[in-house]
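Each chain carries a letter (A, B, C, D, E and F) given by its place in the written order, and its residues are counted from 1.
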């Protein structure tokens, strides 16, 4: 009896898209206004999805209060109200595209979620653009 | 040509999380304020998803009006404006967690949906917590 | 330069609609399935709206972090995961309709918001039914 | 490192459900008020989902600006503010049910998306009825 | 103690924007693709808002079940799955812009709502375009 | 016959809250993590609301296509993918709180909207925090 449980969370951050091997003209050509050197930002919304067996004693796959707290501690504290390029270790040498951010969040939470459960992260960069990663 | 068709519905209900093998102190420890013996409640939203072949004569996987009516008759009539713990047979001896509710709704609708079609139920307990079950 | 600032919050609660001067048959006639003596429940969403002058030093009407904390302390702590009829003082002798709940929340928050500012509360009982009160 | 990227778009169109092998009475029996010969209409919302490898140079699966423009050029230009039955080639002899529309949009975009990537289209006919097709 | 109560409803319809005093070229110039003679359509969402005194016996401004039924009977039955230009009396000689539709819905419901209560209608033509009328 | 017409738009920007008369410690005390000198950001959503007479010839208060284009030209071009503090003239010496941003957008659009019409701007900084200004 495997059920997928999902929890929404959010953080607000600044970023720019930029590859340091290219000059500004090439970055502008590839990333358009997202390459603005002065940064822009987003209200990122995330959905953390965990697929696992329902525990017959609690009726839970896992305690959603625990999941909420883990997301707050490991993801929100790290990314909320931050400049992803300047202040978040994993993006100092990696372009903070939605694709790369969702992979990093997955790596962070994969260490916290019991190994026998499957993990998917969905990241909304805007209400119209979103990405999903399942490992 | 398999298409997944989806229909949203909703019901409002009271419940509490509670395992009768434990005393109130242990229930409070495990389920927190969700174990309040006086109950709390939710606007549950459900999405019924059916994957099947498109009928070349109608262009339908199935008639969504029929699906809407089946959900109303089998799920909404049973759960809407009810106390799940006290009034719904399947939760008299089963903890009405979102996980257990989504499994019960799946069992109810699985009997109604043609067998060659796949069925997934998604249940939103709140806009921030939701669960999915596919059998 | 008056700006209206708005903050969303939410709580989950059980209730029933019931007037003790009437017998159950009359309550059922007037309130329908909302009068179920075993209760049902909702995810209530609230919007707290405050109209006031923008402080030229901060650029704030008021600190939204403070407003968020006041709503949590005075409204969410009082109503969240509660049975409104049985556990909330103001509804022991008052029918917890959306209209009466929004008036009570307004009275609670009116004491907290600076007097020169106008206060409106919007309460969503469901995504399809909501009420507003401005004093 | 496969990530699924998703882009939302929308178009407004008129249609009716109708099978020309049947007379109006039979069409009314099968399709109800959706068979109204004078047409009705919808705000269709679509989600285009592409699963592919993240390019290590750009950090993109594909350029979402390019995806947005392709959807506008190939789908919105073709369907927006149109009568699907009368003005869109593929529905002159095919019933424009949500199922058939989502398959046609998938066929149109499948030609544009790199072959090594998987494509899923989700089409909302209303906020309560939606369909998905993955080929 | 005046509270505003609000109820959401919806209907799906086809229409075109068109003034018969102008030729097609002028209609195209003024109304753009909305003047398509073959029609297009929308999922219209409406919010009916009624401001009135709370009845101390029921705790209601008015019975929302009654309001829901009146909207269904007077508005949804009349407009849902219709071609507004061809099938709805009031638009046979009036352009069915969002502005004109919201005024007509207001006129229809004004006759039903008790006179001492204020009525506002909000009409969403799309999630991005909406109009309000209060008489 | 005055109708209020509303149009939604959006822009993504970086900002920080900061008063230069204070040192960083005082800014941190007042603005919390919103004062981060490296900036953070938001998906701002705006609603432009115009109250005016319905033109009996067009059935419009004003042409929503024109309103959409004016918002794009005057607001989105100016604010989208920008650092509000560093790149937008009006915030070089003014703290870009939601309150101050909504006032500036109102001032920009007030010059464009016919004088006999009333203008209100609503600005969502996040889905949970929003502000309104009517002049």
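Here is the rule we use: a contact is a pair of C-beta atoms (placed from the backbone, for glycine too) under 8 Å apart; a residue touches a chain by one contact, two chains touch by 3 or more.
Keep in mind that this is a model prediction, so the values were computed, not measured.
Interface chain A/chain F: over half of the residue numbers present appear on both copies, so the contact uses mostly the same residues. Legend: contact pairs of B-C compared by residue number with D-E, C-E or E-F; the interface matching in over half of them is D-E. Rounded to whole angstrom units, the spacing between the C-alpha centres of chain B and chain E is 34. Centres computed as Cα averages put chain B at a distance of 41 Å from chain F. Centroids built from CA atoms put chain B at 29 Å from chain A.
Multi-chain contact residues of chain A (touching two or more other chains): 127.
Here the touching chains pair up as A-B, A-D, A-F, B-C, B-D, C-E, C-F, D-E, E-F.
Residue ranges of chain E in contact with chain F, taken from their complex: 17, 19, 21, 30-32, 94-100, 102-103, 127-133.
Every residue of chain B that touches chain C in the complex is listed here, in rising order: 10, 12-15, 33-34, 36, 38-43, 80-83, 86-87, 126-127. Touching chain C in their complex are the following residues of chain E: 1-9, 54, 57-61, 63-65.
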